[in-house]
Structure formats: structure tokens, C-alpha cells
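Shared chain: chain A. Partners: chain B in the first complex, chain C in the second.
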Partner chain A sequence: MDAVVAKPQSFKSDLKPVWCPGCGDFAVLSAITRTLTELGLPPREVALISGIGCSSRLPAYTSVYGFHGVHGRALPLASGLKLARPDLTVLSVGGDGDGFSIGGNHFVHACRRNVDLTYIVMDNSVYGMTKGQASPTTEADWTGSKLTPEGPGLAPFRPLEMALSSGASFIARAFSGDPLELTRQLCAAIEHRGFSFVHVLSPCVTYRPEQKGWRARVHGSFEAPTADRREAFLRLLDDDGFATGILYQGRETPFQPTAQATAPVAALGAQFAV
Partner chain B sequence: MRMDTVSPMDTLEDFIAHAIALEEDSAIRFDDMADALDVHQNHEVTVLFRKMAHFSRLHLAEAQKLAEGLTLPRFKPWEYKWPQAEPPETPELDATHYLMTPHHALVMALESEKRGHAYYAGLAQSHANARIRELAQEFAEEEAEHVALLEAMMAKYPAPPADWDEDMDPPVSVD
Partner chain C sequence: MTLSSVSIALTGSGGAGVMTAGQILLDAAAKAGFYGLMGRTLGPQIRGGESAALLRLATGPVDGPDDGYDILLAFDWGNIERFQDELPLNTGGLIIADPHQGAVPDIMLTGDDIRTAMVPFHDLAKPIAGGRVNMVGLGLIAALIGLDPAFLLDRVARQLAGKGEAALEASRAALAAGAAAAADIAGVSPLAAPAPRTGDRWSITGNDAAGLGAIQGGVRFCAAYPITPATDILEWLAPNLPKVGGTLVQCEDELASINMIIGSSFGGTPSLTATSGPGLALMTESLGLAVASETPVVVVNVQRGGPSTGIPTKSEQADLNIAVNGLHGDAPHVVTAPLSIGDCLFTTQWSVHLAEAMQTAVIVLSDQTLGQSRAIIDPPADLAFVGKRRVPERIEAPYERYAVTADGVSPMALPGQEGGAYTGDGLEHDPVGHPSTQTAHHQAQLDKRRRKVEGFDYGDHWAEVDGDPDADIAIVTWGSTAAPAREAMARARALGFKVRLVAVRLIHPVPVDRLRYALSGVSRVLVVEQNHDGQYWRHLRAHMDLPGTVAALHRPGPVGLRPREILARLQSQ
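And now, the complex of A and B:
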């Protein structure tokens, strides 16, 4: 079975995405399936864990193991799974609201903990599933939502700086309009030993149609990754938010405690009996 | 990001590997877009996108036939030398809309065929390898036929009124 070279389509499930036509998340799904094909990973050895939001629907559209978790809690679930099953390739996916607001604290500590998993955030600077409110990465002057008619008035969250200062050992940014470059980054992220964070600019064509203009704004300034955290910080000082490529790849040791003998499942269940 | 000019390919095997990837990627993207439009009940455009995927697969089969008896190189997805970020005939995802009309779908298909034509015509004109020039010329002529065919189809589907994307009962609304 595994000797047969899989095609990316074999990593897609029969369920068709309900995303709005034109959504950048389609390209991210496609890049993930290409990546798994490229790395020759059998579906039974991969798990995709998500939170809540448009992009968090992604696990259902694949044939690998999936878990559609609670809002903002994808990373604790993914970390727990990886610690319990280090043999699995664990990917966590979600959006900017799920990852940087509701799950913001988990993001910081997942970077710090450096568990060997890959976190892919599809950032469209808006809460799409709840119909278009400002998210942590929304520009201060975006007036597209009636909830913030004068704009959120806050400086947007800067995910790469946060990841770098929190200790992530692999940090990259890609654009959904360049899915082949995204595939390259995802292959490198999965092959990296430690917590890898891939920030994907993924336009919301429904609530932020102006993001179609991102195609003209992205540029490849992070072409060569650095293993020097200071150098990475310096690069970020000049970052306009549209530089793509692998910014940082360090050699920090991943967190993977030695497995302890565990009790039978029934005994564990008994501890939680009410 | 990839360069904005076509990088040269060295061998006939490279060229055919690119031709196969070009058609395969186009077929997959048209199928993905058909699925997306189908979910949103836009059946007329779904049918058109399926047709485009079918045509891409026919061309894919032709390219695969050329590969018979050859050992093709195995490129990683990002190692192909395309003029843009994606293969020339891959339609751009962000041009789709749940209310798009057959006219829009044909415009997308036409643009992708024109890019395919320009890609092959460029190789036919400039490649150092005579066999690649010859095949690229054949492919460019085929692409020109597809362009003409799509332009003829477009006569049946004129541009819709400017308010084509206005929805009196939108499935989504801000706040």
C-alpha cells in the first residue's frame, strides 16, 4: 500500500469545502496535501488538529486523522497528542482569531515549549465565520465592521515577532497565492525538529475583498533562513508584514519527555468517574 | 518567489515533465473550483469548470503519451521553472465568486489558455534544443486553438450587467 506513490488528491476526503469560492484556504489545503505527498507520509501517520473558524474546518477535508477542537485550543490538543504519540506527524491549523486571540496564550507557550509539531495559521485579519469582525491582526483603521465603525484603533498583533520572542524554533511566512512556495515551507517546517510556525497570508474574499491586492504586495525578503535569533529580530524591524520565506530556523532541542508507564484506559477513566 | 521570466529547461525529459505538471495542476484546480461552485449551488459554472478539467486531462494524457519510454526527472513542486508563481494554465483561485456567471468562468479559462500559449510560444521561439522547440511549437498551436474555441464560446455568454454580484438574499452579511 505504502509503496504506491500517493497523489495529493488521495489526502483529500470526500467532503467538499464550504469555504467561499476564492478563499485563500483552498490553496492552503492544496499545499498541505502536496506536502504530505512530497514527504511520503501515509495518512495513518498524520494528525491535523484545529480550533474554531473557517480555516479550522480543514481537517475534515483531508483523509488524515483529524480533531476539530474547541476555540483557541488547537495547540494544547496538538501538543498533548504529539507528547503521547511522538511517532505521529502532528499539524495544527487555524485562523488569526483562533490562534492569536482566543488561543493567544497557548500560542506563546507552544512556541516556548518547542514540541515537535507544525502550526499553520491562515491569517486574513478578520473573523470570517462570525461574519466579519476585526481580529487581532486587523489594521487599526479598518472600518469594514459595524462593531468597529471607526476601526479597531489598535496596532495589529505581530505574529512573527511574538513567535520569535517566545522561543519558536522555526518561523516562516507564506502567501496562499503562491502555493508552491508554501509547499516548500511546509515541507521544511515538518522536517524541522521542534515547534514550527508557518504564518500564511490567506485572503478573505468575502469580508476583506481588498485583500485580493495582497498578490501585488507580497515579496520574498526572507529567502535564506537564519539560525541567529538576533539577526531574525533585526529582519523583523524592517518587516512590512508581506515579506515571505523562512525567517528563522534554530537548533533548540524539542520538548519530548520520556514516556512513563501509564495505567490502563479503564483505570484512567475511573479517576474521572463522578 | 519565482522569477518573472521563463528559465530554460535543459532536456526533452524536463520539458515533458513540465507539460505534464502544467496540465495536471490545471485539471486539479478546475476540479477544486467546480467543487466550490457546486457547494454554492452555482451549477452552470460547475459544469463549465468540470469541462475545463476534462479538457486539461485530455491534454495531460497526450503529454503522458509523449513520456512513454523516457525516464522523466522527479521535481519537487517548487522546483519547476514556471514564469509565474503557479503553472501557466492554473486558473487563479481568487477570481472565483459564488455568483460568478459562465462569462466569468470563460474569461478565467481564456486567461489560463493565453498564459499557456505564451509559455509554449516563448519556448518555441527561444529554446536551444530543436526537439523542444518543435514540440513547444506544436503545443503553442494547440493552445492557440483552445483560445479561439473559448473566444467563440464567449460569444454565447456576453458579459453580465455590472451588478452581477449583488445578492438580494445574501448567504452572508457583515454583522
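And now, the complex of A and C:
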């Protein structure tokens, strides 16, 4: 462990976040820097990869290597990096629109692929950056958007169920207002070998001010992680969307094809000789 | 009389084994010292359906088809009306067909002095236990063109390795039956004896060559999504990348494959994917990300008929517009095109070098004709081009990932490097990489990204310039049409008509000064390409004034441009 990384502050950049005062994402940023400190990871060996959205701005607010890509594509970026550089600790961050809507296909396939990286979704059930439209996790009857004045009229996605059915090997949910629990989960997620998904309820106080009430709704009912998919599904059938804790931790083998070179490049042409 | 080149089409419904027979014939001819190539035309069916192996065998190197075929062997006539225009016959051409498949269709007999010979392939194969009609046909063709059957047997034995002596014996008998039937066919001139072979030759497709070029250029990561006709590149890389310590991953879609290679390249690994038109369209947003974040990536786009799903199994050169102009914003990047089947190796390798050196996106415009044709070539010389990225040796705070430099290229720190942490960004940014909406930052970053691509020294590889320095007329072409253009030029010369040829490998940015120099002195320019709209002709005219009278010869696929058409335009312009 590098002496210089002892403090969470050393993982933060001097850039001021674009987030609104009261945004849950501040606490997630702090929990990430605290986690990296607790794990004693040198900043130069950590990479934070994101797409587009309020929460996707997060990498630039840290002092680790980062990549801020296009909307919805954080997970392929992160997977490509980890597959090519298994020595790095790779985290991917983003929001519910980025991860479950435009990037939904990558989410289910990343769960299935089980590359050893951690995906943190800051879910506030709204598109904040485009000023308040319904996301895939918005309630069917939410009428706060000019785009869907009658409400989206669709049942929201249940991200933990998607992750479990798609094969994610670590699934947890935390609340940004409980940074200690969030940090505990992030430490476990990063230490987990395989794809770890941490669903963070992170309120948008600007477009969903009623989410200030989430503090009263969250409850820690996923007490201990299970490695039994049947048990995990049963817990999710009873889930009201506010249960926190580590739901599932399996022992599926991470996907990390690695090959030791067995031939010089110059030898490859021989297969074409006739 | 002997020939220096003979063109042979083998056609039949799926199951007739025309592709297998074609490849055996090509490789046997290579073993005997000939050069040659084999293209393929396929219907849309997954299995079965019409198919043809399109061969040209020659005493010297060839990289494109002749005007037509000297011999067309039809095992059957299934769906012939769908693709007979892809099987034109040369004057005096010979059609060999099985009488049990019915009379030769009239549409096949429209050429000049077409001759027919009926050979009962099925009857000849039937008495041989395990005998196959394609082997009978192969024996017949070899006898007609004077190819020693020992070379055929050698290749057949390789094909049947492990299938037992009975299978080999059946093939031997079938080949002999075909050869015996050749005695009844008169008036076919054999190939002249080839010059003695001095070394190995390669039998390689353009797609395999592109894969090898990628690895030779330093690529060690490939993210793949299958699409016709590019899949062969990915399927070649899948077992070969691991041999050199690399990795190939199959993705959920092209959005994932382009982003995976941006991620791996951000980590410092030269990375590539291959696709075709529809996939390239999906990738364009992220190609802009590679440009803005200055992350090197290479996309080999094996063109097929478009737009939309178009004609997936057949060739066209119609993706130039999207490759050059498909990215939103001002997004300078590089577009290259291989000039022959064998050149898919060099151009891909060079493109990896360009991407790494300039930290940008490079799109290689191959096409189905180049990618899925197999050629006999002399093994290419070892090339020095290996991707080399400018990485900071010593980093002083604050590290400026996007430092505004004289040549526009900024040293790129790689994860793991102390003091080099930065956030790669598709948002406009300042030199450190912090997001910025400021006019001055935008201007400076746009300028540097253009400067590095336009100021780069591409050397002599931007084109193949050939022909007569004092010619009055020049052909300008690109990609697979370079082959018929070369042949048209050679024929023009034989007629005493001087022509210059500029076959351009660097499509974008347009090498204006070099083109102007290459065309100095000509008063007529003919731009040749295979697409409906004249995309390259328009692209050139948008960037420069071509000298003298400019004409364009362009038409869509799937029938490839022929030397005869280009020669006729040269003579009439």
C-alpha cells in the first residue's frame, strides 16, 4: 500500500462536481474514495469508467484513471479495459437511464459475462441531466415530466431481478444516505471475484424532491448474502425496492480469457504456405 | 497454343461441393507453380442455394478477374437466372454441363461463339463407391488446362486427411473418370508452363490477410460481433490472437464491440474490430468518442451491397461516405483501403500503425471481393510498421493528457503509470482533460486533432502510382477496383496507349499535394469505383481540383467492374 493513498481525500480531484446541492451522488463519490482507501489500492491501478448522465460525471472527480464515454456504453468500455488489463481494479459507474435504458443490453450481458469488475448504479428514477424525464425505474404513475404528463404508464424495471436472472455473481443494494453500509458493500463488491452489481438508491432532490423521504423507507432486510439463487429470487419476490444489503454472492468463475504467447508473430504466416 | 491465364467458373447448388473443388484446384495450381485467385458468389441461403467458385489461374501474379470466364462448369442450373450476369463468358467460352440437368439455359448462350460440352458427371460418379461429382469435374478441368493430376491428388489427400484410404481411393477414381472425359472435349488451350518456383507461396484470403496484418501491426485485443462478410476476419483472429498472447471476445452487439476496443486501447493495448456497413453505422457515435478522447482504434469494414441490410453476401464500395463523413461534429480521423487481396495485410498493419501513432480512429475499407477471395501470392516481405504510441516518459504535475503540441499528438499515459491519471473524455476538454465549454479550449482541441491527422507524414504508402510518366490520361481508383484498373492499364499499353494509374490507399484525409503531384501533366482523369453514386469521385472533388477533364466510371455491385469496361472508357474519354 502506498503511503500517499492513506486518506480518502487523496482519491478526489480538485474539480467541483456539477451536481445540485443535496444530490445523493456526493455521498456515493465519498463512499467510493473511502472504499479505495480502505482497500489500500494505489490510485494509479484503479480505473473508473462511465457513460453519460449526472452520476456518470463521477470519474473526473477522482484522482484515479477514468474514462467518460458515450451514453449507455460504460460497461463495454469497462469490460474491454479489464479484459485487456486484468491487473487493474475496474469500477464502472452511472445512472438508471444510462444503465437500464440505453445501456440495458450491455447490463444484462455484463451480468452474464461475469468479468471481474464492479458496476455501481446511482438510481434516482429520473433523467436529471436532460431535466427530469421518466427513466426505466420510474413509477408508472409519476406525472412530473412534460414528456409523459400522464405518467410513463409502464411498470418500472426491477434491476436486482434483472441482474440475478442474467447471471450476475454479486448483487447488492445500498442507500446513499447510509455511507457506512454503502462503503461496506463496495469493499465486498470490489473484493468479489466476478461481476458485482451495487444498486444505490441516490435521490435526485431537484426533479424528484419527494425522494428526500427515502431515508424513512429504506430498511436492511438483505441481512446476509446468499449463494442460493432460489433463495435470492424468493427474497426479491418480497422486495419493495427499498431493502438494502448484499442479496447474492455466488461462486461463478469470472470471465477472463488470458493467453501466454506460444509463437512469435513471424511464425503465423506459415499456415498460409502452399 | 498455350495461355498465360485461364478463368474458370464452377457452379452448382449447395452440396455440389463447388467451393471445395475450387479451393483444391487453386491450391493444386499453386503447388504446380501457378498463381491465381478464387472469388465466390453465394445466394442468401444458410445452407444450399446457388453458389459459384470463380477462379483465375495464371503463369504470373493476378489480383483480379478477367472480363469473363473461359470455362464454365455447371454441375446443375439451380437458380442460374439469379446470378448468370456474374458469370459472363469470354468469346469462344466453353460451357460444360451434365445432360441430366437439362439443356443449357438460353441466357447462358448469349455471348459470342459459345461452345458447349455435355458430360454426365452424375453417371460418371455413380459407379465409384463414394465418388463425388465435384471430384469428377475437378479431374476434367485439370486435364483440360494441363494441370498435372498429381498436384490435385496431393491437395485432395490433405482435404481427406483422417477419412481413410477408401475416401481417397474414391476421389482418385473420380478424378481419373473426369480426366478421361476430357479427351472428348477439343479446342481448349492449356496453360503455359509456369516459371519455376523459387520459394513458398501463400494461399490467403483478404480477410485472413487483414487478420494477420492486425497482429503484425501489434493488435492484441479484438472485440467481435459477427456480420457477413467480415466474420472471417474475427474467426481467423479467434484462434490466432491467443498464440501471440492476445484476446478475442465475442460481444452482444456492435455498440459493445467498438466500446470494448476503446476500453482496451485506453488500457494501452492496440485494439481492433471488424464489421460491415450496418455494424459500422452502429459504431459511428463511438468512433467519434475515439476521436475526441484520442484513443486509437482500428475498424476493418468489409463492404457489402447497401444501404440497410442490402446484399449481405456480395460486394460493393458504397461505405466510403459513411466512413469519411459518418461521425458527428468535426471529427478528423483516417480512412484507408487495401488495393488487392494480399494488400489487405499491409493496409491493415499500416492502419494499426497510423491509429497508434496519431491516437485516433482508423477505418479500413475492404470489401467482400477482397475479403472473401483467395489468392496465391508471394509471401509478403516483413514490414517495419508496428503500432507505437507516444507515452510520457516522465510526468510532471499537472499532467496534460491533451497537451496542445506542435504535431497535435499528446503523450498518452497508461493506467498504472504514476502521476498520469486522467479522465479520457468525449466531452470537450481543456489540456488536462477537464470538461470545458470554453471557446478557446474547443478551438485549440479541434485544431490539434485536425493537425495531427493532416500534418502526419504518410510516406509513399498513400497510393500505388504506376504506368507511364508521360501519359495524358490517368485512372484514379481505390480498393478492389484497383485490380481491373491495373489490367485495363496493361491492355492499353499493349495497344500503344499510355495510361497512368493512381490506386489510392489513403482515402481520408485526401492527400491533396501528393495526388496533385502524381497527376501532374495529365489532361484527363478517370475516377473508377464500384458504387452507384460516385462516392470517391465526389469526395475528391470536395477536397481538390483534379487536373483537366474529369470523368467518373462508377456503377453498383454485385457484378465487379471488369478490365474491358475500364479500357472502353479510357478509349472513349
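The working rule: the second predicted complex is superposed on the first by the 254 of 274 C-alpha atoms of A that agree within 3 Å, B and C clash if a C-alpha of one lies under 4 Å from a C-alpha of the other, contacts with A are read in each partner's own complex, and residues count from 1 in each chain.
Keep in mind that, in the parts below, contacts are C-beta pairs under 8 Å (C-beta built on N, C-alpha and C of every residue); 3 or more make two chains touch, one makes a residue touch a chain.
What you see is a predicted model; the values in this text were computed from it and never measured.
Within the superposed three-chain model, A:153 lies out of touch with both chain B and chain C [touch as defined at top]. In the superposition on chain A, contact of A:66 is made with chain C only, not with chain B. In the overlay built on the shared chain, the residue A:213 is in contact with neither chain B nor chain C.
In the superposition on chain A, contact is made by A:274 with chain C only, not with chain B.
In the superposed model, A:40 makes contact with neither chain B nor chain C. When both complexes are overlaid on chain A, the residue A:85 reaches chain C alone and has no touch with chain B. When the shared chain is aligned, chain B comes close enough to touch A:179, but chain C does not. Against chain A, in their complex, chain B makes its touches with residues 1-2, 28, 32-33, 35-40, 42, 76-78, 80, 82, 85-86, 92-98, 100, 172-175. Contacts from chain C toward chain A in the complex involve residues 27, 30-31, 200-204, 208, 212, 215-216, 220-221, 223, 240-247, 249, 251-253, 255-269, 271, 285-286, 288-289, 293, 376, 379, 382, 415-427, 433-435. Remark: chain A residues 8-9, 16-24, 26-27, 30, 34, 38, 131-133, 144-147, 176-181, 183-184, 187, 203, 205-207, 212, 215, 218-220, 244 touch chain B in the complex.
For chain A in complex with chain C, the touching residues are 15, 43-45, 47-49, 57, 59-60, 63-70, 72-73, 75-85, 87-88, 105-106, 109, 257-266, 268-269, 272-274.
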